[in-house]
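Note that the chains take the letters A, B, C and D in the order they are written out, and that residue 1 is the start of every chain.
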Amino acid sequence: MEYRKVGKSGLRISELSLGSWLTFGAQLDIENAREAMRRAYREGINFFDNAEAYASGMSESMMGEILKEFKREEVVVSTKIFWGGNKPNQKGLSRKHLLEGTWNSLKRLQLSYVDLLYAHRPDPETPMEEVVLAMDYIVRNGLAFYWGTSEWSAGELEEAHRVAEKLNAIHPVVEQPQYNLLSRERVEKEYLPLYEKYGMGLTVWSPLASGLLTGKYNDGIPQDSRLARFPGLKKHLEENGMLSKENLEKVGKLANVAKELGIGLPQLALAWILKNENVSSVILGVSRVEQLEENLKALEAKEKLTDEVMKEIESII
Amino acid sequence: MEYRKVGKSGLRISELSLGSWLTFGAQLDIENAREAMRRAYREGINFFDNAEAYASGMSESMMGEILKEFKREEVVVSTKIFWGGNKPNQKGLSRKHLLEGTWNSLKRLQLSYVDLLYAHRPDPETPMEEVVLAMDYIVRNGLAFYWGTSEWSAGELEEAHRVAEKLNAIHPVVEQPQYNLLSRERVEKEYLPLYEKYGMGLTVWSPLASGLLTGKYNDGIPQDSRLARFPGLKKHLEENGMLSKENLEKVGKLANVAKELGIGLPQLALAWILKNENVSSVILGVSRVEQLEENLKALEAKEKLTDEVMKEIESII
Amino acid sequence: MEYRKVGKSGLRISELSLGSWLTFGAQLDIENAREAMRRAYREGINFFDNAEAYASGMSESMMGEILKEFKREEVVVSTKIFWGGNKPNQKGLSRKHLLEGTWNSLKRLQLSYVDLLYAHRPDPETPMEEVVLAMDYIVRNGLAFYWGTSEWSAGELEEAHRVAEKLNAIHPVVEQPQYNLLSRERVEKEYLPLYEKYGMGLTVWSPLASGLLTGKYNDGIPQDSRLARFPGLKKHLEENGMLSKENLEKVGKLANVAKELGIGLPQLALAWILKNENVSSVILGVSRVEQLEENLKALEAKEKLTDEVMKEIESII
Amino acid sequence: MEYRKVGKSGLRISELSLGSWLTFGAQLDIENAREAMRRAYREGINFFDNAEAYASGMSESMMGEILKEFKREEVVVSTKIFWGGNKPNQKGLSRKHLLEGTWNSLKRLQLSYVDLLYAHRPDPETPMEEVVLAMDYIVRNGLAFYWGTSEWSAGELEEAHRVAEKLNAIHPVVEQPQYNLLSRERVEKEYLPLYEKYGMGLTVWSPLASGLLTGKYNDGIPQDSRLARFPGLKKHLEENGMLSKENLEKVGKLANVAKELGIGLPQLALAWILKNENVSSVILGVSRVEQLEENLKALEAKEKLTDEVMKEIESII
């Protein structure tokens, strides 16, 4: 396992990492989650991603319980604040919710600080000054070492840095966007000027496009799959064209490339992301421990993605 | 119940809210206050207003006891500092009183922080730098999420923002002025440039002009009324012309308008305030739980205040 | 008793106040000190002055014990840091000694904060940046509400303000100089530009010039007097010319003025200081509780110091 | 023993001090270490140097246990952060490691703060902004009174000051370089502009060039010597030319000078460093308590290093 810096920051995280979205507290019970984290750590994964919204907090509670097995310094733990409940001040990035949400997350995680705290979405309803000062408060009070964003636009990130500069506040160091063979625009174009300018790091989610890049949806939606289990997710993917015929065709061609290389499509998809040096870590979500083992093979697959192969992939997507 | 942002800030409060002035610890005992807060919360009110001066601290003690029933994140609690006692350093906005007052209020409220902390009046005897830095200390130490002012002039608010800017300190986000059909000058004229410029929110008190806008004083002062119970308040209203013949005439005409609309005068008076979008919340003070129910009907009355009706009201006042 | 603001700050202290220098833990035992503080407080004195150096910390321990009788908000307590011991880092204004000294003083005083913390002398060996940032740390951490200086030159005060401005740190608000009928230079000339410019307040010590202005040394040094008890003090006064024949003559003439007004010389001396509106408080040091009663008569003597009398005094000194 | 200021700061440390590198937890067990610290303190040494890396933390644990005998204000304790373990985030100067490392060091030292915290090496992998802000956090949270660097280049120190200035953060006050008769370049040339410009102090290590300047390696490496015990150190010295024939010849000549003066070579070597007034303290590392006594004789040797002798030494080296 290689460790990459989170952008220009001094923090180092494993190039593959373990997320808990849709899995901890849902597809994985505490014992399966424990097994997944143990194996991940044994294989060199040191970054574990979470959010207050995942499984209504249960994902944090579960991870917090398991984290007791690990030495705090040896892991990098994140959480994200935005959706903490349905009441008027339980969502968004107001100072009230950012602080109350963080305190609650830390209680569930049984930690005194997380390494990374993300603003899970942009909040146009809260002034950037308020968001940046609340994050500054969180870092300066030792509740998090670094802060970042998730799914913010380049313009919003620019504003965050401008405001942090003006208020002499702590700057964000990382973005968590969706990034995979089928969703490239933001990471490869929109954010391009920001990597150099602000030293922004990326921890990317949905590397397999919600399972689409496993190829398992090419012949319909299997009964025990994630799309079958989470209808909201399926609807979302249908609406944004992710499940389009065109995409499924691309997936088919990519599967052939993988086959030629003697690797699985998921390994090809993950390895392809790792070739992007602006990516700090690829967050894996596994519903069975075996999937983790499968995904880890992507590390070896990296070498097979020669310049020639990369060009072929480029021509497909 | 609608929720409005406190100015441009990310905090959301119910358009109607419950204050404790003259009621908690005076007209309402703990059981009545508890009942009022429960019903208010059930109807969607999430903002509860207080001050160290109310009932010499007993209003805070009472509210603190009752607040234990509520989830901290679901309520927005405020208090105000200015009059904490008669000794030389127990009033005003010196760093000493702002900090000691806040610590004492939090103890009575049994909270580790309030959401909003108001400077209950301007203090010309304390430099603005001292006030702003003390408020900054309070927010940066987690004793309050936001700070605001009450009954400050536009000029004083301008100075507070100028000083906060210069010292890189936390800015105030809210003012709590008196505002009702009979007292409009400050909110509608004096503060006008500030809403846009600083994103200032308003939580307004005395929406019924100390009961004048219930119409109950049009035929003299009933024995069990607030004016009968608090002679100081009566004297104050007499001195500032609030109880003038002219005003009582206006109230009579407004009562007719209300009658035509099939609503009570208090509902008309409250709904009229809610039509002003610079107002974040109207603070209700109730001496009986039933009054709360009556006042909440203002929410439905809003719709009846068509442009035409608003013009008619305008011509009366 | 009148209360004056400490310069332009919002803090209010009694125009006469009680110091502990040379008395607490020396001429006064715990019971006498308790009696002095009780009477002082009963007469309206709210400001009690101390220093880590007084009686090697015993003055603070004694005052701390007695302060338990008082409500924290009703008193203004100060201490001063500079001489905390003989070891290399136990004196001066290094960050190490300012912080360790303050922590130790607070422990002896059994307080979590003092109202005023003074740098007891200037320290040319420590950079002004270090002093100002340490004081800023102390105020921002709630160990003191305000900070000040004692016996600093106008130039040093100017530098402190310049550095505080540059570093966006908390400014000092008060100086504690020696000031009496026989030592006027610094307060009346050197500091003159600073009162307006920085709103500096003054708490003045040695108002009776170590007893010289009681007239008791005019016929030699009585056996139980302060000068007899503290030879170092006597030597100091001899060296700086305080005990010069010229001064003793002035004292004689002033005693005659006092006699004509029907008041004592000490009352005249104290009242004369109170006529200076740049003075926030005159710190009394009493070796017997009766002296306090005597000194308090100065408040009534103020009225007798008409413009004419002030002119006469001016012509003598 | 003379006490010198750490550069322009207000902190005072003994010109000779006791380090724990390679000794505490290695050549010295707890009882020997205790004896060394007691004697050192008795002779006036008030500065005790440590690092998280020394004996894998055991050096701090040992010193922490012994420090309980001393009054906290009377000692100056340092530690250094850089190498805290082998995991990705256990080394370097990331915010994560600087904070976690400091917390861990303080636990081992059983202290709530150190006086000096050093960045044990520069970390080109972490942005200077992150390092400076983490050190600022540490000082502003009371975990250290001052921060410094060890083995940083003049360029890196310039950048640290520039960044601290820009971010209004606490500046470093001290560097800990290697400095002795055989390694002079950095202290005497590279750093030269920095002493005046930033008031930088120096605590220097390896004053006897790992024992080379005792003369004991001139006839080969004795079995119980440091170079025999630490092969890594020996290799390092061989590689950087320290053990070159040229150097051994110089040592021979210097031994003759010492002999003429009637002092030992180590005393001459230490006294020669003390003649440099940019040096705040020379850190001694002793593997036997007797070495400490020997080294302390350097204080008397200082006088023998007349201008003439200094010239002679200069001509040799």
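Note that contacts are C-beta pairs under 8 Å (C-beta built on N, C-alpha and C of every residue); 3 or more make two chains touch, one makes a residue touch a chain.
All values derive from a computational prediction rather than experimental measurement.
Visitor: Applying the touch definition from the top, give me the chains sitting in contact with each of chain B and chain C.
Guide: none
Visitor: Would the interface of chain C with chain D count as same or different, where same needs over half of all numbers used to appear in both copies?
Guide: Mostly different residues.
Visitor: Farthest chain from chain C, comparing Cα centres?
Guide: Taking each chain's C-alpha mean as its centre, the farthest from chain C is A.
Visitor: Quick check: how many Å separate the C-alpha centres of chain B and chain D?
Guide: 62
Visitor: Where the centres are mean C-alpha positions, what is the separation of chain A from chain B, in Å?
Guide: From the centre of chain A to the centre of chain B is 44 Å.
Visitor: For chain C, what residues touch not just one other chain but two or more?
Guide: Chain C, residues with two or more chain partners: 168.
Visitor: Looking at the complex, which residues from chain B come into contact with chain C?
Guide: 84-85, 87-90, 92-97, 99-100, 104, 123, 125-127, 130-131, 133, 137, 141, 167-168
Visitor: Residues of chain D touching chain C in their complex?
Guide: Of all residues in chain D, those touching chain C are 3, 5, 8-14, 46, 72-74, 76, 115, 140, 142, 145-146, 168, 170, 199.
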